[in-house]
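Shared between the two complexes below is chain A, which has chain B as its partner in the first and chain C in the second.
What follows is the complex of A and B.
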């Protein structure tokens, strides 16, 4: 398993959207779509597969690009130090 | 684990907004179901708050200040042993260690056991020797120098750049942004703690702390890593969370290994923001004030220290602690009867039969 997957796998994510990073002690909150996206990424799904899951679970605007949204989310995870 | 039924004396009963570790060490012992013994609090002031914490100590005594000398401390500990029957002594203040390490064999012959590092290990863990230790253990520390005069501040600023971190030889650290601030900090620390004063390159990053116990043979007997989540205006952790970071434990293991550390310690580690590198910034030769967290997280290091002092085995393998366990400190007003203060102030000793907490006192 690559270090990034390990890093995400180790995150504690509760049903309330509370995230605890046991490596650094930092905590975060994510909304409902963020929760699902994070669960998918923790399970090792690609951004594309994660985007498909999101569109299955949530209504989306025709003008949005779910894959791009997931990629933005991954960038946010990186900014938060949750990905190397 | 098999029960431990002995009397443990714990120093450092002061518990203000810059608390000593004595109260949390005692609380950790109380936390352990197999600890059935008595706890004697030792402090330097009759108003040390730990003496008044209900259910914490079974008795207490006032110690002479370190400036009174080793003989005074030895006489006092001998008296305490006779009067209160201490089987194990857990010192929790840096200022006590040198004298107690020197007195340890004598204390043991008299029936009071300790579990302390050697004087050599203690010396090598000090701020002034940290660069040498880091090189020996292949650990990173921020570039630093020990200065005997304030003249060196200017050179250090040129060499390391500003801001700089200026540290007292025993206590305190401040970030200075100009040479003038550096010179002022030098004089302040030199006046308070003497020389050398340590100047260190400022590394922006996040601080982590590891409380640990060395077995004296180069092995870790247990370690708990923590990140402070809130600081007081003195920079002391007011709450924090146990974390699971193998690199922090590895660094602590290296420190304990190279020093063959025997007893409690805390390793302060900085993770640089830019590179993610870990730097050892300080080694404290005792448990930290947040040590009760170790018991709460499932790895009761103070209890393990007592067991090691008694020559008792530890669980094998050492259990994992629960990352995500928090401590949140609180300031409370303890209500007590004047008699507790009276005993400590007038006689310097508090016996269990003399404890009088509010609500249990009947007045004539």
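What follows is the complex of A and C.
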């Protein structure tokens, strides 16, 4: 993933998790962790750094794997046409 | 306080989840059965696990008996063994006053072995052997004849025993608002049913006392039963007037829909399925019209699915998650179609067994089989599940524990929960030894 992706930077993200893509007009919803992950990725953080932020900001347990989840989130962004 | 973590998720907005009747229903967890926690049952008996609620079994059959009792002076329910012949389930129905309705020699012997009196057994099915009929006539079982060759065989068996048993004939009908089920019994409209009745009465080797019809399965239209009852009653009167044989029982078989939802069904079963009251009212209306003041015969129903489906659940455990090419989340659970063949007919209601947080998204549930057809539920909005989470597949009490296959794994425990919260195994999980016990090695190998 290109952290400087213009596509991600141009997305409008509300505090309630509403996402607007000005290029296509498509809209999306992100959950709470998705909001933070998307902000981090828009800011150019790597998936690993994004996963660390999620661990810091949310209450997780030993069964969670934020690194894997962020990798999956990046794939979801690609599926949604928001990443090359 | 920090919010609980869930995997990050983005969902594109679409109109696919909305229809004119409203939005997608929320997924509500089902964490206990009659006061017993599902997690406690899985810890005690393993996963996957079938669980039957004795309370629901009794409630359903009492509700149907109540509706029948309000409209009929004489009626019986025959418990449809093929729907679920686990001994504990059968015992509950027999305790509630149900006869046994069997469709094979094995089921007949199972009912007799359970202590059911022959007169309390109805024997349907299209493939009765001489041995089956001999046993049935000796025990005074109510036999319903399916075809002419079986009729000839029944006459021969009866003659050999030196008795004239009272029997019924199975009757199929076409003029109904349901697909024709003409493979069972003698066809009414084409005259084959009256020919069979004439043969029985004129030969005098059997006594004709009942008519049996089974118009289909999962019939969500009560009016089909009104029409079937009307036609059967008129046929009974025809037999009486033409042949002088008095038909004392009209048995309309089963086929009432349960609260499941067929794959092709629009509304969910819990909204669309008629109540017992609606079915029974339709039958009463048809009988009344057909009798036209004549004496009402005893009514028998062999409702199976609608009595037992709601009482059974299958608890499964999440083994893993993946994302498919079409973006759906896929969840792999440890219960597949080998123990849940009804997944091929129904969009089963799947619930989490614990509170789960997170955004619902289109999810497919796969079983553990290495086969593409192993789909437990193909598309349901579901929150994220983690490995080890439990899910509950509802309305699985009918046909699964009789039609399940022993395919690549042992079949699991089946337990029953009592109204007081007791629980016990009613069918033990198979082991490798169970399988090996049936196999033999030829001497030349």
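The criterion applied here is as follows: the second predicted complex is superposed on the first by the 80 of 84 C-alpha atoms of A that agree within 3 Å, B and C clash if a C-alpha of one lies under 4 Å from a C-alpha of the other, contacts with A are read in each partner's own complex, and residues count from 1 in each chain.
Here is the rule we use: a residue touches a chain if its C-beta (ideal position, glycine included) is under 8 Å from a C-beta of that chain, and two chains touch if they have at least 3 such contacts.
A quick note: this is a predicted structure, and the numbers were derived from the prediction, not measured.
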Inset, instruction - Give one word, clash or fit, describing how chain B and chain C relate on chain A after superposing. - result: fit
Inset, instruction - Determine, under the contact definition given at the top, whether A:23 touches first (chain B), second (chain C), both, or neither. - result: first
Inset, instruction - Could you read off the angle at the CA centre of chain A, spanning the centres of chain B and chain C, to the nearest 10°? - result: 90
Inset, instruction - Report the partner of chain A that touches more of its residues: chain B or chain C. - result: C
Legend entry - chain B versus chain C as contact partner of A:12, first or second or both or neither: first
Inset, instruction - Please work out whether A:32 is in contact with chain B alone, chain C alone, both, or neither, and reply first, second, both or neither. - result: second
Inset, instruction - Aligned on chain A, what is the least Cα gap between chain B and chain C? Give it in whole Å. - result: 9
Legend entry - chain B and chain C contact sites that coincide on chain A, given as residue numbers: 26-27
Legend entry - In the complex with chain C, residue positions of chain A that touch it: 19, 26-34, 36-38, 54-55, 57-61, 63-64, 66, 69-70, 72-73, 75-77, 79-80, 82
Legend entry - Contact set on chain C toward chain A in their complex: 1-13, 323, 327, 358-359, 386-388
Legend entry - chain A contact footprint on chain B (complex, rising order): 206, 208, 226-227, 229, 240-245, 276, 323-324
Legend entry - Contact set on chain A toward chain B in their complex: 10, 12, 20, 22-27, 84
